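Below are two complexes that have chain A in common, paired first with chain B and then with chain C.
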Partner chain A sequence: MNIGTRKILDRSFTAVGIGSIITMALALMVVVVPISWNGVGAVFFTGTVEHRKMLYAEFNRGDSQDLSSEVASSERYRSKVYELLSTFEAELETMAPDKKMEYTSKYSQVKIALQALLGPPPGDTAPMLTRFKYGQTRWEKAEERLHELLYESKWDNSNPEIMGKEYFVSRAVAFEGTSLAALFPYVKYNIEKMLLPEFTFYWGFITDSSVDSHFFGGIWPEIKGTFFLALGAMLFAFPLGVIAAVYFTEYAKPGFLNSTLRSANSTLAGVPSIVFGMFGLAFFINTLKVSESKSVIAGSLTLAIMILPTIIRAAEEAILSVPKTYREASLSLGSTKWNTIPTVILPAALPGILTGGVISLGRAAGETAPIIFTAAVSVGSAIGLADVFSSPTPALSWNIYNLASEHEAAAQIRHVQYGMVLALLTIVLLLNLSAIVLRARISKKLKG
Partner chain B sequence: MAEEMGKESNRSNAFVVSARKRAFQKATKTAGEGVLFAIASFVAVMVLFIFYFVARDAIPFFQIRGFTEFFTSSNWYPADEPGEFGALAIIYGSLMVTLGSAVIAVPMGVAAAICLSDILPFSVRQYAKPVIEMLAAIPSVAFGFFALVVLAPLMQNSGGPMLMWAWWILVSPFLLLASIVGSDLLTASIKDEKRRQQLYVLFLILFGLIAVVLLFKVGSVLNSIQIITGTNALNVAIILSFMALPTIVSVSEDALQAVGRDIREGSYALGATRAETIIKTILPAASSGILAAVILGIMRALGETMVVWMASGNSSHIPEPWFNYLEAIRTLTATIAGDMGEADQVTGSARFHVLFAMGLLLLIISFISNLVSERIVVRQRKILSGQ
Partner chain C sequence: MTTDVTTTSESVSTKKATRDIYLPPERKKVTGGGNPHIVAKNFSIYYGDFEAVKKVSADIFSKYVTAIIGPSGCGKSTFLRAINRMNDLIPSCHTSGSLLFDGEDIYGKYTDEVLLRKKVGMVFQKPNPFPKSIFDNIAYGPRLHGMSDKKKLLEIVERSLRKAAIWDEVCDRLDKNALGLSGGQQQRLCVARTLAVEPEVLLLDEPTSALDPKATAKIEDLIQELRGSYTIMIVTHNMQQASRVSDSTMFFYEGVLVEHASTAQLFTNPKDPMTEDYITGRFS
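After this line comes the complex of A and B, so read on.
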């Protein structure tokens, strides 16, 4: 090969390496950016008057006078809609039977779409589920519903070779010649006056409980549950992990026993997370019976075993990085080894140990699989400290799965799901960021 | 040395401390060390417990149904009466996504590790490392949510064009490089410089044309692919590869760093370029460590639950044809997570125990691969320190 080709190969080799690092950074961005962008939308969004009604009725928040004047002004525009509906209903009675049949089914679709947009019509007895008590609380959802009201969606399956294509038919055309035809342009041009959208900062998303399985309200029970689970796991795993690390670094003598213990540590680190969940179910709940069924304590214990190897490794590294001179100085002053460890070595290693602890805390907060069978429920209220031994809890990680995959109206509450993922990501990434900063400060200090 | 100093101080205290007290001190010291040992061996006890408790609930399944059905049939109807428990398709699904993620993650991860250890200057490396750590820190459920809500609809709606662009971006630089190197190698033996250059340009144009035709032909084939469902093996494999990358990068970077400076400098002194040094000397020396990294990364993908549960489609059949990554599949971990809720209510049934059998399978695979990777790392360290 000539020199030029060798140079090109060398350069392109470098490019591949740098390219893969850039790809990793891009992957991080591609995952984090849409989640952050949409997640922020759970807190900052354009809310309608329905949102403020909901806040006042469910959480008793907001000014009742402002609200009633807003409601009154929106009712003024809405009354025309209901007038049009009743006129059309009267007209429907006078129609020929076959036409009546045709229009009745179309009309019921219109009514359903209208109810989804504006909430139940006046005089309707209050619906059972909270989700049907209000119209669209978010403006972008209201716009989607408006489109559903104005256009009927149909599928074109004429060509069996390709997948069916969706197309829209204007409902105004379908009702041409009846009194209802006036409804569609009216709603289209007066929708803002009927819903009064305005910029909303819904801080309650973090601190409210959910209403009607996350259709409205916030994610406080999940945040609290995650907090309890992760802290509980740390409570068990951190002391155990640090003590084990002290044994491994200060007392263990090389040999079969020691290498077996170390192998056990790396084996535990490699166990798939779902197996921890099975073990938690079989051991803590079915055998030890720490609780009747799922509970926070069982989940915390399971998570604790999962994060133990990480804590041990980090603590070991931190203890090993304490300069030998510290140890020797302490021993030369007549202190015993037993005394030196808690007074000299552990304080010097503390920042490093904490770094490992913080990272493990983030890992415990983000894990889902171990808590599925041991601690998590889909719907529940925020639990108190007294309940940790007896009751399961909703948790961010589990509820993200549950809302995205198993919720009956998953597509309608995407904003809640994004908000939850963002909350979890923020918790985990902040913990990791603080660990990175902490470590940077330690390495600076060690350099002098 | 510390031990000796401790003995020294004990001896000097002998004048003031009574024999009884000394005995007491010794006893407390032994007891204290005993407690420390007990706590340190807690991890080992837990590993034994995990094996025992998973196996305890897994063995009844094999007693009831035997091994053949589980490993050779792909009829998975656990809820039927009597149920069918053929897990072949599920095991195959697990292997499929794991292999797919390895194909993406291993070259990328090793390249990134080489870049971090040998190419980038220290100042840049400082900023690249946190990126990798952040990627490792993102909870699996967040990745799963991304796969389900962002990537799956994208694949379903514009999967063909996406595949085409991926093909172009990934393959065109390599084809270009291959044609340059190929024409160089083919003309290397020609002595006459002028003739050599003429032939070189001729070959370059020829290879370039072939490359362009290949790019567009395959590209248009890919472009016309219609992806039926966005929740498929490819989606999961892509996401899992990002989850396996941090492990692969950090472990193989350690392995590369363990290769001494003298080896690198020896190679440079012989006139090798950086790429040649890395490929011909450093990579072979670090190969066992990189193998360990690959094993650990693959295990991460095999044991991952949330992403596959949310985004693999959970359909228990072997794709047609067997390498079709665009079909929905089902994995071991997702089956355990998804079926335990219902199976738990009928504790003692084969339906409950089959999930533990799957867990045991995962556990055994992870145990073996961990042992292997550990042995490899230890051996590499020995060899390198012995040189």
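After this line comes the complex of A and C, so read on.
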């Protein structure tokens, strides 16, 4: 190959390499930036007076005097709305029966939309579910609700060839000529005075329990559960994995049994995580009965089994990469194999072992499938150390899935889901970052 | 010594001239030494079916320096490593014949190889300090054998480092990582580490092959310092080094001990023509 071709090949390879890295970085950005943006929205957002009411009532947080003056000022503007409503209700009674029927159904839609926006009207019995006790707590949601109040959504199905199209009809026009027509422009122009939006830093999103299955409140139980599950998994898997790796590298005699064990270990690393989940349910809960039902300990054990192969492989690699000369030096000083392993081999292999461990910790924190049947519940309180043997726990990974697919009001609380995703990403990133820092520090210490 | 080119044949004169640079220096007598410390009788070492060392019989005298020379792959390192059973690390390696240390068979059924290695220390080709502090490196052996008193450990560390002629260079940074030292310092540290367990025999497996001439000279001086206190065996590729540091020399060729004689005799008046060819540079 002549020098020209070689250079062209080198350069084109460099270009392809850089191109693929840029593509991957862009793809990552496409995923991470919206998640981060929306996730941050769970903590920093424009909150309404309803949010502050909710905080005071549910978490006893906020200044009661400020709140009552705010509520009083918003009530002044809201009272006009309820006046208009009662006027229209009286008017409804005087209408001809067919007209009355038409307006009654339309009016009930208006009342529902208004209740979603401002909360239950004064004098109503308090609703059972907390989510109906308050109006819109977030300003961007309030704007959506306002649109629902002002315009009726209808579907144009005239052309059967294509999908129906949504179009909007102004309710102000629909109520033209009645006393309610004045309500729509009034609400539209006074909505800010009724909801008092202001910039909110809701740090409680990290430290609060959820209220009414994540409708309000934070994700502390999920964060705590994730930590318990992941750390519990490490507690079982890390020592076992390192011991197994030491056995494989130092003690096992090459042979059929050894190679079978090794390939079994490799196969285990590739088993889908849902299989581990089923195994955990069948083995730890049904057979060993480590707990009555789902529990943190059962989930941790299942996760431990899942990450064990990775830890063993990483530790094996790390131990094998320890220079043979260290072993020779130690043995030549009259050390036994038994003594050499903890004093020379393991300290030198520590960076590699720890890296494998922390990567596995991140994986344990992020896995959903193994804990579905063994540990996770969608709503629950934050557990303490004493509960790990008996109590299941909410966890970030499972609750992200739950909010995305199974929650009945998923569309209304997307911000919570994004907040959880961001929290999980942050936890995993921090773990990996700490692994890098730890590794660098230990390596530096080893290299002198 | 000068040679008269006109009166002797050319080949003889070059041979003699080549030999003369190996003439060992005058040395003081060693007291209390000279007894056979390690005795090999028809000793063979095999890697699987391959016989790497063939029926070697030799006496290694205590407190003297014995050099082992020979071309690459002649079994000299294998023989050296057999003495403290480092070859045990190679699963296919086995031996026949007998190799006695202080009258006891090194490969005997009831020999404790850990105890043996404590008495027969070894320094390797490449400096291999542990990735620990200088203090911990030296204290590793004594700690292993049950010493935990900090004061006594410090004493041992200082004594060992002094014996290895490196104390002055490292005394103010005992807590620093040993890998920060230069190659020559690292090698002397390894010698000190071996001395700290108070061995009777010191095996040096090409201790200077990874070092520059200056560091090499220091190691050679060190060997002279230690001569008379320890039985020293040194494997070397460098024949001048062998002649400079050793009292007796063994010449290995293809696993066979060709000649074993006092260094002066082996280099100036070799009995075997093969030895003569090797030291005059006919092959290497």
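Here is the rule we go by: the second predicted complex is superposed on the first by the 410 of 448 C-alpha atoms of A that agree within 3 Å, B and C clash if a C-alpha of one lies under 4 Å from a C-alpha of the other, contacts with A are read in each partner's own complex, and residues count from 1 in each chain.
Quick note on the criterion: contacts are C-beta pairs under 8 Å (C-beta built on N, C-alpha and C of every residue); 3 or more make two chains touch, one makes a residue touch a chain.
Note that this is a predicted model, so its numbers are computed, not measured.
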Touched partner set for A:Lys445, first chain B, second chain C, both or neither: second
Contacts of A:Val344 with chain B and chain C, given as first, second, both or neither: second
In the superposition, chain B vs chain C on chain A residues touched: B
Chain B versus chain C as contact partner of A:Ser332, first or second or both or neither: both
Touched partner set for A:Leu320, first chain B, second chain C, both or neither: neither
Touching partner for A:Val379 - first (chain B), second (chain C), both, neither: neither
Touching partner for A:Ser266 - first (chain B), second (chain C), both, neither: first
Partner chain(s) touched by A:Ile112 [first = chain B, second = chain C, both, neither]: neither
Partner chain in contact with A:Val275 - chain B first, chain C second, else both or neither: first
Common ground on chain A, meaning residues reached by chain C in one complex and by chain B in the other: 327-328, 331-332, 334, 336
Residues of chain A defined as touching chain C within the complex: 323, 325-336, 339, 343-344, 347-348, 445-448
Contacting residues of chain A [partner chain B, same complex]: 1-2, 5-10, 12-21, 23-25, 27-28, 31-32, 34-35, 162-163, 240, 243-244, 246-248, 251-252, 260-261, 263-279, 281-283, 286-287, 305, 308-309, 312, 327-328, 331-332, 334, 336-338, 359, 362-363, 365-369, 372-373, 397-398, 400-401, 404-405, 414, 417, 421, 424-425, 428-429, 431-432, 436
Chain C to chain A touching residues, read off their complex: 84, 86, 89, 114-115, 117-118, 121-122, 124, 126, 128-132, 140-141, 144-145, 176-180, 190, 193-194, 197
Residue ranges of chain B in contact with chain A within the complex: 1-3, 5-6, 9, 29, 32-33, 36-37, 39-44, 46-47, 49-50, 53-54, 56-57, 107-109, 111-112, 114-116, 119-120, 128, 130-135, 137-146, 148-150, 173, 177, 180-181, 184-185, 188, 226, 242, 245, 249, 273-276, 278-279, 296, 299, 302-306, 309-310, 333, 336-337, 340-341, 344, 347, 355-356, 359, 362-363, 366-367, 369-371, 374
